[in-house]
Each structure stands twice: as structure tokens, then as C-alpha cells.
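Below, each structure is written out as C-alpha cells.
In the two assemblies presented below, chain A is common to both, partnered first by chain B and then by chain C.
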Partner chain A sequence: MKISDQDVLKISELAKIKILPNEVPQIASELEKILEFVEQLNEIDCSGIEPLSTVTVAQAYERQDVVDDNNCLDDIVGNAPEQSSGMFVVPKIVE
Partner chain B sequence: MSVAQRNYTPALYKGNWEVVIGMEVHAQVISQSKLFSGASTTFGAEPNSQVSFVDAAFPGMLPVINTFCVDQAIKTGLGLNAEINLWSRFDRKNYFYPDLPSGYQISQFYNPIIGPGWINVRLDEAKVFGLRINHIHLEQDAGKSFHDQHPHKSYIDLNRAGVALMEIVTEPDMRSKEEASAFLRILRTTLRYLGTCDGNMEEGSLRSDVNVSVRRPDETLGTRVEVKNINSSRFVEQAIEFEVSRQIDLIENGKKVIQETRLFNSSSGETKSMRSKEDAQDYRYMPDPDLPPLILSAERVESIRRTLPELPDKKLTWLQEDYGLSYYDAALITSECGNAAYYEECLAVEARKSGNKVSNEKAKMLANWFTGDLFAYLNKAGLDLGASKISPAYLVELVDLVCDDSISGKIAKDVFDIVWSGGESPVAVVERQGMRQITDSAAIEAAISKVIDQNQDKAQEYRNGKDKLFGFFVGQVMKETGGKANPNMVNDILKKKLSVDS
Partner chain C sequence: MNNLTELTLSEARDLLRAKKISAAELTAAFLKRIEAKACWNAFITVTGDLALAQAKESDTRLARGEIRALEGLPIAYKDLFCTKGVRTTAGSRMLESFIPPYESGVTQRLKDSGAVMLGKTNMDEFAMGSANVNSCFGSVINPWKAKDNPAQDLVPGGSSGGSSAAVVGRLCLGATGSDTGGSVRQPAAYTGVVGIKPTYGRCSRWGMVAFASSLDQAGALAKSVKDSAIMLQVMSGYDPRDSTSANVGVPDFEKSVGQSIKGLKVGLPGGDWIDQCDDSIKTMIGNAAAWLKSAGAEALDVSMPHIKHSLEAYYIIAPAEASTNLSRYDGVRFGFRAPAESIGEIYQNTRREGLGAEVRRRILIGAYVLSAGHIEAYYQRAQKVRALIKQDFSDAFSSTDIILMPTAPSGAFAIGEKQNDPVTMYLNDIFTVPANIAGLPAISIPAGVDSRGLPLGIQLIASSFNEEALFKAGCVIESSSGFVPWREEEATS
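Let's turn to the complex of A and B:
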């Protein structure tokens, strides 16, 4: 699959990852190689095979509706880089 | 009950535009603990006091699904006449925002727990339409951000993160803002009957995303715009009103509606662009490897089906058909499950007392006292029905006192007032205060004779043709008897007495 410079810029915009103009051609060709590699999977014929959703247990274990893991504020915010009045403090988010 | 065909033609907008609306409603599930953790769901707790390591996405923590939340989703599905998918699965919806510490929301994208269903929506006595539900899925709520605490920082409270939501997705079957808000009202009522969502709009228990487009009738669907996160039916109407005129203006001016997500501003009543489809996030949905498929047994679904309450639409029908209530009364009584339970208890008490089915007349009287007097008192006092000292048994007792002529309707209002504030039973109040109506004709005759004696001149004027004076005599007799004389008997005896010279 061909990846154009425009594709790279669009993806960088969506992923919020800054890519400098001089890096674009190299990243485009690397992405292309990755996709080519993954495309090998298309050689396998898996028609008629149920998609595998999990490799562990077959069925979800369900817990009872009880509050048994609560009021551990200090443990929760204890490792936060910044906290105030029991809340996590993060750089200002502007929509 | 079956899905209704729309029995009217929706009006076109500005003469020739058809409005097409679909909704996604996020309903918070009533449960003690969160969808995948043992942290509490109680509203309004100290920030981050109801957060487990799972909710805060600490490394290595694994989600385990809450069995009651699954039951609640099944119950909701059954209440909305939907197919229950015995095999469903959870997917990760990836996006980056600080109120979502794991970087993905656990949701159901490919295989939701509830499949297609429907609900009948009534606009008024005459108009009804059937609305198709596309599916319902379970997902986690996100935390809450505060942007006004600090000039350069945002504050995050994760108490709500991980609380179970049901996302109820409709087909684009609504054709006006009125239909959309009527749907939201009946959905809220139904969820409250089912006990699966408290429908508390102020606490954000019911939030809607509204998809709006316009087209010429019979043309293919126009480009839709999604207005996100609206928390009341009034705001849903305002957002639709604004979007419809905005889109029609664009098209009539030769421009195009672009597919985008917009935000509703409740103070201006306007919507503004949040992001266009071009910039749409790629959520990179993938099956959540931490959660095996959710497999339900048919027996489990059936046992939940047996716990379903009777839903408002059905009650609305039999209250009108079996007890002759007006649509207005029946709709008011069924609009809240607590109201319906109260009224049905009144009917049950009355039926037990009399040993017969309650007559339409008595049913109507009970409805009047309930939706008129009791509602007015509750409103004035700012109280819920549950806090009322007037129980269904008391209301029945009061109505029976009126029906067997023990008290007049007017005295009944006084009795109601005393019962309301004191909590004593109506019979006890009537006995203690000597309010029982005078039906002894000798006593009434005596009072009438006394009044006529004292007003000989007016009696003569009446006999000479001044009919209007009859009301004066009634008033005087009622005064003489402390308002307790039976009004019909007063009328009859007074007419006879006045017509003969004394």
C-alpha cells in the first residue's frame, strides 16, 4: 500500500505527533514497509473460521455488585506528579 | 402490545423540509459498584474517594464485569422489546484525554449485548409513533475535568470513571423536536419503571447525543450533524430547532451541510462546531483482550423477564379502558412509577373495602383528589409523594366519606388539610371535630325555619319573584349549621319551605 507525504501529515495530525517536514519522506517509506510486511497475513485463507476473541478463558467471570474497593484516595493520587484538593492536576485541556 | 405505525403525518419544516432525527442516549445504570470494579457509584462524594486501581488504570489491573450491571442491561433490553444477544463482547475505544486514564474506554462496538428493539411514543391522546431501537451496549463512563480551578491547569476527579452506562441507539425515526423530546420523556419514564436508570438529568444520569439532518420529502437522507452531550429534553428541543434552521439556511443559500460533531451551548441555545468528519478521531476499536466474551444463558434472560414490571403504556391503556379515566389523568398518573403505584394502591384498597371492582365514578374522584389536591399540596411543600402523610388508604377513606354523604365535598377539603398536617385518619378527624354532615331532615328543617323567621322580609321578596335570593338563604342555612348540612337536602327543603307562606 502506497503511503503519500499527505497521508503521513494527516496521521501525524490525528495522532498529535509532531513530524518535521524533512522527516516525512523517510517515515512514509518506513510505514509503507511495515504495511507490506503485515500484508503477508492476507495470504492466509481464513474463510469459514470463527474469529478468535480470546486465548485465555472461554467465558467472562462475573463479580457480585458490592462495594469492596473504595476510599483509597491517598493511594490513588499518591503517585500523581501533581495533585491538589484530592484531584489530579494536569496541563490545561482546551477543547 | 406491538410497535405502532405513525398515525399522523408530521408537519414539514418551513413548508417543505423534512427533519430526520436519531438519538444516542447514555443512561447511567443503577448499581452499587462500577461496571468493572468494586468502587462505589454514589453521586457527590469527595473527589477521587470512589476510585479503585482499575478505574485509575494502574498498571497490571484487570477489569471484572459486574453481574448486576449485566442484568440491568438485559432488563432494559426486555423493557424496550429488544433481542438479547446471548454472546457479546467488549471492545476498546481508544482516545486520549486526561479523564480517561487508561487511554481507552471499554465499550461494545462489534457485538453489543442488546440487539434491535422498539418503543411506542405518544405525543398526545391522538398521536403515536413507533420508534425503532438499533441496539443497546454497555460501556464505562469517563471521569470529570474541572477547568476553572487554576489558570493553566485542569483538575481531574475520577469518581465517575468506570460507572456503567447503557448507550441506547435509535434508528433515525423521529421527524420533529417534539417527537425527540417525547421519546426522551417516555424512555426516562420506562427506565425508571424498570429501575435500571434513575433518569436524574441534573446529575447527568441521562445524556443525549442528537443526530439531525434535513431533506426534501422522499429524497435520500441529508448530511447529518451530531450534537453531543445534551442533558435535558428542553435542551434537546432547542438544539434541534437551532440545527434545523442552520442547515436549511445553508442549503437554501446554495451551501452544503458538512458532517461534523457540534456542541450545544445551553445559555445561547446555539450549537458550534467541535470537529468535522475530516478531523474525526480514529478510535481504533479492538476486542479488549482483558475481557473474555460475555455469554448469557436463555434461562437467565427468562428469569429476568419474569421480574419485568408493567410498563407505562400498558397502564395508560387500562386506566382509560377499565376505569374511564381521561387520557390526561391516566398520562399524569403513569408518568412516574411512584404515582402509578400510589394510584393503583388506592384502587386496590377501595376494591378490598367494597368487595367489588371500583366504579368509574369513584376512580375518577380518586384521580381528582390525587392529581389535583395531593399534587398541589406536595408541590407547595416541595415534597415527594413518599413523604406525604396522606396514604392511599387515607385518600380512599376520604373519598368514601364524600360518597356516603358523611361529609360534603367542601368539608372534605378541610378534612384533607387537617389530615395533611396532622397525619390522623380522615374518619378520626371527622369524628373528633364533629364534621360529619347533617343529613337529619328534622335538624335541617329546624335550621331553615329559624333562618326564614329571622328574614321574613326577604322570604316575602323571594315569593314575589326575586329568585336570586335563594342563594342568600342557602348561605344562611349553611352558616347556621356550621357548613355541615347536606347541600342537596338544604336545597330541596328550602324550596318547599319558602314556597309556602309562614
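Let's turn to the complex of A and C:
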């Protein structure tokens, strides 16, 4: 699949990773090589095959909705790059 | 006693229990050697004080006879297992100062069994890599040197390259790793140690920094098959906090060690992907089949037409899952944050500056294959091929007990090689990825050397939850191969 500059900018927005204009051609070329490699899958006849999303043998279950880990607010918020009074701080979002 | 760091895990265990050595002196010997070999860059964080305190507690328990499975045995943890109160980075600038408020399921089990934590080992960032050159803490150096160029620094494999270098270089008795596409087995092969990836669901993923959740599984790197069985025993078991953890019993793995393999059926998948390997690897495969036959096994050819496409399916599925898993690194709740004026810029700048080039590339690929208009052609097609690969294995296991393959297509290469384009690096994982795609247990055992005198690994793959077959057959390969373990070069001055 040919990757255009527009494609790169679009996935950069989807992935929330800033890409500078002068980096776009190089990234497009790398992604194209990877896609060209994975497109070898097109040789395989997959008609009638159901997609397999997991190989787990575990059965999904509902856990008890109870507090099991108390009093670690400071440890958790302590990892934030910016915090105040036990809360995460971000720039103003709503005008 | 001299050379405490030369002991295997099981030898050290026996000496501790016989009170011939103490956990404190054993731990001190490893800490001293870690310091002396800092040039290999195998550790991101060394927890010396903590290790000595744990060793002291183990010595008290050993004296009282309250002995747990790994009492007083110093081991290392790949730096993606969250350790409560001890920095856990996943090799990324993004988590450079992250202190987990909780302990991973696997390291909790090791801790509860009395293991001493020496520190956290270096790794490719977020476990994405095959050479340990993608760490924000720098490359890891393989203690092995090629006989034709002893001055050249070689890669230790990846992504668990710090763990593999630490085990072979005698910096610990064993180490944990994680294996999403071969990240335990391939570095084990490149460094001449044993690496086991168990069945998907055998070990808890709770508290392991996630890469691709349907493929990620913890594993162990060790000096011998027996040591790997002892470690996996402790690491395995049901954990309700991981929704994919398997609620199945854990057999006594150590009991498998040394058991007869009479009548064991060994499948050999042929095909051009193996024919293209170095001659030394083809010879090793032939030898391994002969050793297993001499020990009473039967070898037969198996047809597995789709498994050579595992790597292509992997490079859709793994980036897709990574792109969703790594969306949590947004610069808000934990980890690195780049300076920015708005929330949108915080996301964009943080992820650009906090993540390395390979990680960003895989996230972009993942975003692409999951995006509207492409999801069917890429992601869903890869999932269909995944079903076909799993079926290939099911068919093969209807007539065989284990599959025999190389672990990697070559021996270790120089740091800086294979970095011109990403796909060349990805091809190192061609033989290890199939077991992840199908969720099967697999082991790598050192079994030969390449033309440069560097170690090569044999890989055995078994059906789900049949790790015991791997330990049994692995012992036969280990005792038959005549593989000469890594030795420290004498100082030449």
C-alpha cells in the first residue's frame, strides 16, 4: 500500500504523536516497507475463516465490585507530572 | 567458597539448605560482580540495599528451617514487571521516574518464595525490539565475543537483553523476561542460556507493562533446563486479577527434569524458511533430532503450511494491540510530560518526546491497520491467519508431542547491524513468533555454535499446558549437545 503524506498526518493525529513536516517522507517510506511485508498475507486463502482474537482458555467472569486497595492515593497521584490536592492537573480544557 | 557466581540456581539452593553458604554472602558476591560488569549495561536499577535486607531475612529463615522454594536465591527482574516502591521504566523515557504503587503477580510470587531481588534489567523500550538497542538507557552488550573479531560488541538479543546478558554473565542466578514474539527465547539463544515461555495464561500478566496483551507472556531465563523449571514453577499459577490467567493446576516441573522421552514424538516442520538458514543452524537441527532419537524419541515430518506467515500476522496484531495499550501514556496521570499550552499539545508532544523511534513507529502502524477503511484488509485478515496458524499446530499435535525448530535464523550480530530498515530487524523473530500467535509453550536451549563461535539455540514447542514435555526433551538436548557455556576470558595484561 502506498502511504501518502496525508496518510502519515492522519495517523499521527489518530495516534496523538506529533510529526514534523520534514519527517513525513521518511516515516511514510518506513511504514510502506512494513505494510509491503505484512501484505504477503494476501497470498493466503482466508475464505470462510473466522478471525481469532485471543488464545486464552480463561472464561470471562464478573469480579466483586469492592474496594481492595486502600489509602494509596498519594502513591498514585505522586507519579503524576503535575498534581494539586490529590488531583491531576492539566491546562484549562473548557472555555 | 570461591566463585559463588558460577553456581547454578539449583546448586546454590542445595548449598544454602546444607548451610555451606549464606544468602548474604551469595547476594554480596552478585552485587559485587554487577558493579564490576557495569560496562555490559545489563541493569537499569540495582537494588543492593533491598537485596541485602532480603538475603538477611532468608538467612534467618534458613537457620530456622522455614525454607521457601527460592529462599535466599538472588535473581533479577526485567524492568517491565512492576515492583512496589521500586522504579519500573520498561526501558522508556516515558516511565523514567515511575514508581509502581503495586507489585506484579509474577514478582509477588517470586518474592513470596524467598527470592532475593538484585535489581531490574535493561530491555528494549516497551519490549519492542530484537537486539536491546531500543532502550532509552542504552544498548546492552553481550558478554560473548566472536572469535574472528573479539573487539566487536555484540547484541544480547531482545527484548529481554538485560536479563540474558545478566544470566550468562553471572550477574544473577536467573532472571525473568517477557515474551511477546520471542523476547525470552531469542535473547536466550544469542547468549547461550535457557529461555522458557510458558503457555499463554500460565503466568499472570497483572503488573507487567503491557505491549500486546493477546501475545504477552512472562518467562524465565536460566543457566540450565532444571533452573528454568524451578523458576517457572514459582512464577506460574492462577491470578484472578488477570482476566486471561488460566485456572489450571501447575505440575511439578522440576520432576520432569531427567525423565525418559521414550516414545515422545518430535515433529519437524520443513520448508524454505528453514532451508534459508545458515548451514550451522541446519546442522544443529539435524543433530538435535538425532539426539532425541537416540534417547528413544521418534522424529517425523509435519506439514504446517501457514506458520511461515506468523511474522506477517504478528506485525499487524502486535502493533494494533500496542497502539491501544500505549494510549495510556498521555502525560496526565503518570510518567513523562512534555511542556505544552493545551491538552491536545500535551498528548502530541509527550508521546513524541517520551517514546523512542521504534515504539512510535509501531504505534503508527497499529493506528493505521485499525483505522477505518483498513481494518478489514489488515487487522481482520491477520486474525484469520492467526486462526489458520493455530490450526496448523493443532493438526501437528494430533500426531506429535513437540515441534523442533531453530530459535533464531542466525547467531548474535554486532550492535548497529540490521538497523537500516525495520523489517530486517523484525526477521530475527521469524521462528519464535509462531508460538506466541498460537499461545503455546516453547523453550530455547543452547545447542551449537555458528561459524564465529557464537551460541545458537534449539527451540521446542509443545501443546498448551504441556511444558513438561519441553523440560524432558530439553534436558536430553542439554546433556547431548556438548555445548560449552560462556567462560570469562582471562585478563591478557
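Points worth noting:
Keep in mind that, in the parts below, the second predicted complex is superposed on the first by the 68 of 95 C-alpha atoms of A that agree within 3 Å, B and C clash if a C-alpha of one lies under 4 Å from a C-alpha of the other, contacts with A are read in each partner's own complex, and residues count from 1 in each chain.
In this section, a residue touches a chain if its C-beta (ideal position, glycine included) is under 8 Å from a C-beta of that chain, and two chains touch if they have at least 3 such contacts.
Keep in mind that what you see is a predicted model, and the values were worked out from it rather than measured.
In the superposed three-chain model, the partner touching more residues of chain A is C, compared with the other of chain B and chain C. By the document's definition of touching, both partners, chain B and chain C, reach A:58.
Of the two partner chains placed around the shared chain by superposition, chain C is the only one that A:12 touches, whereas chain B remains out of contact. Touch criterion met: A:50 reaches chain C, while chain B stays clear of it. In the superposed model, A:71 lies in contact with chain B only, and not with chain C.
When the two complexes are overlaid on their common chain A, residue A:91 makes contact with chain B and with chain C alike.
In the superposition on chain A, the residues of chain A contacted by chain B and by chain C overlap at 14, 16, 53-54, 56-58, 60-61, 63, 69, 72, 75-76, 82, 88, 90-91, 93. Of all residues in chain A, only 13-14, 16, 53-54, 56-73, 75-77, 82, 84-93, 95 touch chain B in the complex they form.
Taken together, the chain A residues at the contact with chain C in this complex read 7-8, 10-12, 14-19, 27, 30-31, 33-35, 37-44, 46, 49-58, 60-61, 63, 69, 72, 75-76, 78-82, 88, 90-91, 93. For chain C in complex with chain A, the residues that touch the partner chain are 98-99, 101-102, 200-201, 214, 240, 243-248, 306, 309, 312-313, 315-316, 323, 327, 330-337, 340-344, 346-349, 351-352, 355, 360-361, 363-368, 371, 378, 380-388, 390, 421-423, 426, 438-439, 464.
Interface residues of chain B, counted against chain A in their complex, comprise 31-33, 37-40, 46-54, 56, 64-70, 89, 96-98, 145-147, 149-158, 263, 274, 279, 281-282, 287, 289, 291-295.
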